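In what comes next, chain A is part of two complexes: it sits with chain B in the first one and with chain C in the second one.
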Partner chain A sequence: MPTFPNVRLANRPLHFIYLCDCSGSMAAQGKMQALNQAIRQSLPGMARVARENPEARVLVRAVRFADRAHWHIAEPTPVEQLQWQDLQAGGVTAMGEALELVAAQLASPPMEERALPPVLVLISDGQPTDDFEAGLALLLRQPWAQKAVRLAIAVGHDADQEVLQQFIGPDPEAQLPAGEVPGASGEMPRHRTGGSGRSPRRPLQASNATTLAQYIQWASTAVVGAASMPASRVDGDVSGSNIPLPDLPPTMVDMVEDVGPVVW
Partner chain B sequence: MTWILPENSQLSFEGLSTPLHVLKGLGSGSQGQVYEVELAGERLALKWYLPACIARDRQLESRLAAAIGATAPSASFLWPIALLRPTAATQAQLRCRESGFGYLMGLRPPGFVGAIEHYGGRVDLELRQVLRACLELTDAFHALHSRGLCYKDISLGNLFLEPSSGRILICDNDNVDVDGRDLGSVLGTPGFIAPEILMGRARPGANSDLHSLAVLIFRLLTRHDPFRGALEREIRCLDEPARRRLYGEDPVFIFDSEDQRNRPDPELHPAPLVTWPIYPRELQALFLQTFGPGLREPGRRALTGQWQEALSRTLDRRQLCPSCGQENFPAIGADAPAAPSCWNCGTVLPPPLELELPCARVVAATGTTLHRHHLDPLQPPQWDAPFAEVVAHPSDPQLLGLRNASGSDWEVTLLQGRQITVAPGMSCNLAALRELHTDGGVIRVRR
Partner chain C sequence: MSGWQPPRHCTVIGAAHRRKGVVCQDASRVATLRGRQGASLQVLLVADGHGGRRYSRSDVGSRLACDQALAAVAAALEHTPLDDRSAWLALLCQGLPITIQERWGDAVQAHWQQQPAETPFDLSLYGTTLGVLLLAPDWWGCTGLGDWDLAQVGAAGPALVSEEVLPASAGEATASLCQPDAARLWPSRARLEPLPAAGPPFSLVLSTDGVRKSCATDADFLELCSQIAAVQNAEELGQGLADITTRGSGDDLSVAIGHWAGPGSGSQTAPGAPTAQVAPVAQAPPTAQAPRAARTAVRPSAPPQAGVHPALWIGLGLALAAAAWMHGPPLARQATSAWTTARNTAQIRHQAEQLCRSPAWITPTLNQRRAQFEQLASGRLEQSRSIAAAGRDPLGALIAWSQPPHRNTPGPTPTDSEATDPRATDPRATDPRPIVAPPGSCPALQTALEQQWAQLPPHPTGSSLPKQPKPDKVPEPQR
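Entry: the complex of A and B
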């Protein structure tokens, strides 16, 4: 039987790294369980996106931080092979150390010579208790970290927004003069905000389990897609970053059956 | 996945006399979510737009309405059937407060897969099926462009194909527009966007479709990107600025006839080094044209008619290697190389048996089909309805026959001059055949 030749495809690695806050406060109101669930539930969708992007090898890792920071998944793991082990909460918030761990891995080597922009997702519900600034400075010294898509998810209302914003980098919209509508000068809004003033360049506020799951799903599917095989472009897509970010998920109305903790 | 429309629900929409049964969510993309639905006993697909997409693309609704008002240019399009706006009762059931709309289209039939499955090497196709898919794709674009329309955003993601036949379906027809009217904000998909669009020098239209179409055909035929060669090797982080350079500022075709800067790297880009040489010069020439002078001068891109001709001539030249069985497409007639050899194993291919039809010369090889356009250039090919097929004898695969797949008898003259009749469904041994009369014209065997 003749067949299309079995050729090896050109591809590049796409490193996706979760940085998960496991401090004691995450134990409250089921936040830790909600995060474990959200990540576990997001994996099939992430695997599907990886499958639809044969030009990318999606490799996942995770760092957990509490009293100290540790690699929770140290080996870059193809998403279809990934099994999420539950994170446990307890301790303080060594976020700076977590950034140092990631910085060491984004140095070349161990980073490959050629890759797609890495995706770093920082998830936290509180304030760093160690030297965050030093960790961030170390991270941002790495060219691969500068190129990375850096997202932050604030779990509940006690997260340090300032610190999360520093991790993401400056929000271009925040620098507009007061009162000016973003994109008012051009035809289209510069940012795909999802229609409610939210922006992927700002910390994403997850106030309940449903929203947390939506943001995790968005980061692990839409953002991975954008960083590997870009989707259709429309006018005004020129954003400040090296990867145009996809629209945030629409704000969904909570249905009774999957409401997690209502207030955190 | 969080679905905006509740799965397994009955929803009413304005203008629909019966409620729509939303069965389940099928998938989501950057613009919206797609559902399998049932309306009055018929299974259909519903695309529901995300609020951000509606906010960004203000002409979306009017473009859709125009598409729905017109009919599909060909059966290869999963064309929009009806625009759906929720009634107040339905809006209250949606998981998204912002009001939205969607459209109905045909459901992808079983057996069809996303074209990315072929690109990713996860389905087995024969080369003839890939060529057939490319040909159907060009037929579809030919029909679309002939109506003065343009597609604007063709890419691997908007194409379904049926591996067993090479048939195709084009979805995501919501950017289709009258060429030149420019109602819409889509630019295309990176990697497929023509350089002048990416660089902001022009707006998407039929001319830029010709670039995107050539990229898509190249990627289907070679499983590689036409601009990823040595210049990509120099890029450490493949991000937006890097893509701009590769596809917009300084695009160089990996097989450009003069500019050698972007040749495939055997380590990083092995696929095109294997696949490109399979195709005949005539077909390669259209890529060299479109990705050579056509990159800077859109008017010099190969036209859909040229692709149709080159692709169908390639299919007509298909020969099977006697030692490895692989498909080869060497030129025939006056352009035939002295001793063509198999791209896969190097075996010299014996001179083939050719069928001479009123409008084509077709090499006889198992699986090759004959269509109306071989008899009459004004007929559409009707890919799913060949009137003849070359078949191997069930017990002797070396023995080739021509099976009558038409509805009427063939009058056949054998080599010794004897006349016989071949009824529909029967096959006659090509080795014994001189010529045969079909109701559409005469076929002669050339040895």
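Entry: the complex of A and C
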């Protein structure tokens, strides 16, 4: 008999949403296959983290975007029950529409009052072909999107780093003026991981299948773990993300040193 | 003798912290102090250390916050009579914040010197929130900063009386003792409420954020506060909280509970005051001395009287109370009514201004109150009562204020409504727009309110008048 009957206690939902670029260029050099494999392989680790953090209810969704954007996994699905269906490449890059789809789901309702900051992971190898700015504006109008942990993975070197950085938001560690792409000015910002030039607050450069898998694994385990039981953050602290993000794994090689089997 | 029963408190380590081997970062304390004139003051404290790598000593920080707050209140009690409400309100707003901040800063620095680490000293290492609740024979008051909650459980049901208000995008952020100039953030959480000379018992439940975050909804949180207030057995309370953190947020939990059983035989009533007099509510003066830049950066919840010099509000309150005491019940009622009307209007204005500072949040915020729009439109919720509850639910009062005249429920007579509806004296009430523009509202808010009301069906008329709520039923605050 509980001490406090008739009170609905609840663990807090943690919404994890992939936004996957399925444009035709993703078919080249096995990028689509690598992404499918990376996400599928990350699921056991994600499920383990979810089990280790029962105070959070990890719910996964995915959006695919090419000529149009669609929900690939529309229902928030407990990670233990998730079975990843392969994405298919073909078409252009309706990234803005994908952001609009997510924006609608981050409204309150359907978002729960007590949810944890969602985690949004945008994965792209190219440039948006629709109105990205409008989609992003719509997304960021939602308070839940503002509090979300927004990560971006650039697949190959043709990805539009600027739009990915816009999706993430300004990198406070880079201390660059708003709108300026970190690194573009030639100024070397401070970074979290051994001065390698990488930060979770900047697009993560995946130059081959191995690196992509490592980033997906990191986002789906370390970030989910951090977001599941976020430490409080002092208001006005602009030095980081909405939750303290874990460091990138030190084993990851920098893009300039990348010597994977196939370089995208 | 005070009508307050002995206070209780409890802190339990969070289920997640226990599992991961992390120390409890919450702290709580209660104490009963005695003033020079013999009257007692109960002090209830909860603090929530931030945790995480950046705040690695926050478990010490929260404990020292409680210790230093208690010492600061004890020092203030040495030279401040408990029946001097205006002095205590000033203390809650400014005196105690400054003193506690200083004492806490010194205490954590001393701790650092005793147990230094390789990294340089940083106040952030000890970062914590702090909620302070004082229970005096004639009043209760609170102050502090951070994401603690204070709920009142009384005959009308539970209601949230103080919570941290930050921008929706703030996520898990909170105000902290370790922030620069943190003392300037306290006044928005400071308030002082006189106790009625007669009235039903009630409880005050002060809690750290883990309690509220463990509940599925705010309604569940308020229900939980009701049940926590009713638990007398300390062991049972500890077990209950342990169950809450396991099935809920996993966070550390702290509660401190005060219970007012009614006026004591020797309660410290002001000399000459009639026994049935209810003095006007005194609340925190605005953060007039805080630079605007500082307030904008953190955006604390400004008190409802923002824009008016604090001395005026205190003076007005005291003047109204004095007039009421001198002239008896009729004038007392008028004075209290005028005060209440001004206070409600100020709170609605503050709510409107807060929304207008962030236009992007207006529609999402209003969308969460669709049920209230519908209840007002259908007559299930009474407009004047919603406005009268502005202190507990300013957003609900704002929505009620905006209700278009043709959607109004059949209400009291014009004479009566003038006494209860502050819109009667507000020039904007004659606004030709379909809605009645709330005080302090901007075009974006007015448009959003119009859209909300426009989505509702017209109000039924004639014989199908809606059912009215019972007169003694005060609408529950909504979030």
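Everything below uses one rule, namely that the second predicted complex is superposed on the first by the 215 of 264 C-alpha atoms of A that agree within 3 Å, B and C clash if a C-alpha of one lies under 4 Å from a C-alpha of the other, contacts with A are read in each partner's own complex, and residues count from 1 in each chain.
Everything below uses one rule, namely that a residue touches a chain if its C-beta (ideal position, glycine included) is under 8 Å from a C-beta of that chain, and two chains touch if they have at least 3 such contacts.
What you see is a predicted model; the values in this text were computed from it and never measured.
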### Task
Have a look at where A:247 lands relative to chain B and chain C in the superposition and call it first, second, both or neither.
first
### Query
Which of the two, chain B or chain C, is in touch with more residues of chain A?
B
### Task
Considering only the touch criterion stated at the top, classify A:170 as touching first (chain B), second (chain C), both, or neither.
neither
### Message
In the overlaid three-chain picture, which partner chain does A:78 touch, first (chain B) or second (chain C), both, or neither?
### Response
neither
### Query
Which holds for A:90: it touches chain B only (first), chain C only (second), both, or neither?
neither
### Task
For A:214, select first, second, both or neither according to whether it touches chain B, chain C, the two together, or no partner.
first
### Query
Which partner does A:141 reach: the first (chain B), the second (chain C), both, or neither?
second
### Task
Using the superposition described at the top, list the residues of chain A that contact chain B and also contact chain C.
2-10, 12, 54-55, 113-114, 117, 143, 147, 229-237, 242-244
### Message
Give the list of chain A residues in touch with chain B in this complex.
### Response
1-10, 12, 45, 51-52, 54-55, 113-117, 143-144, 147, 188-189, 192-195, 210, 213-214, 217, 222, 225, 229-237, 241-244, 246-253, 255
### Query
For chain C, which residues count as touching chain A in their complex?
15-16, 48, 50-55, 124, 127, 129, 147, 166, 168-176, 178-179, 213-218, 220, 223-224, 227-228, 231, 236-237, 239-240, 243-244, 247-251, 297-298, 360-361, 364, 367-368, 479
#### Entry: Interface residues, chain B side, partner chain A - complex
1-2, 4, 29-31, 50-53, 55-57, 94-98, 114, 116, 118-121, 124-127, 130, 153, 155, 157, 175, 185-191, 193, 223-225, 228, 233, 235-241, 243, 268-271, 274-275, 278, 320, 325-327, 344
#### Entry: Interfacial residue positions of chain A with respect to chain C in the complex
2-12, 53-55, 107-109, 113-114, 117, 141-143, 146-147, 229-237, 242-244
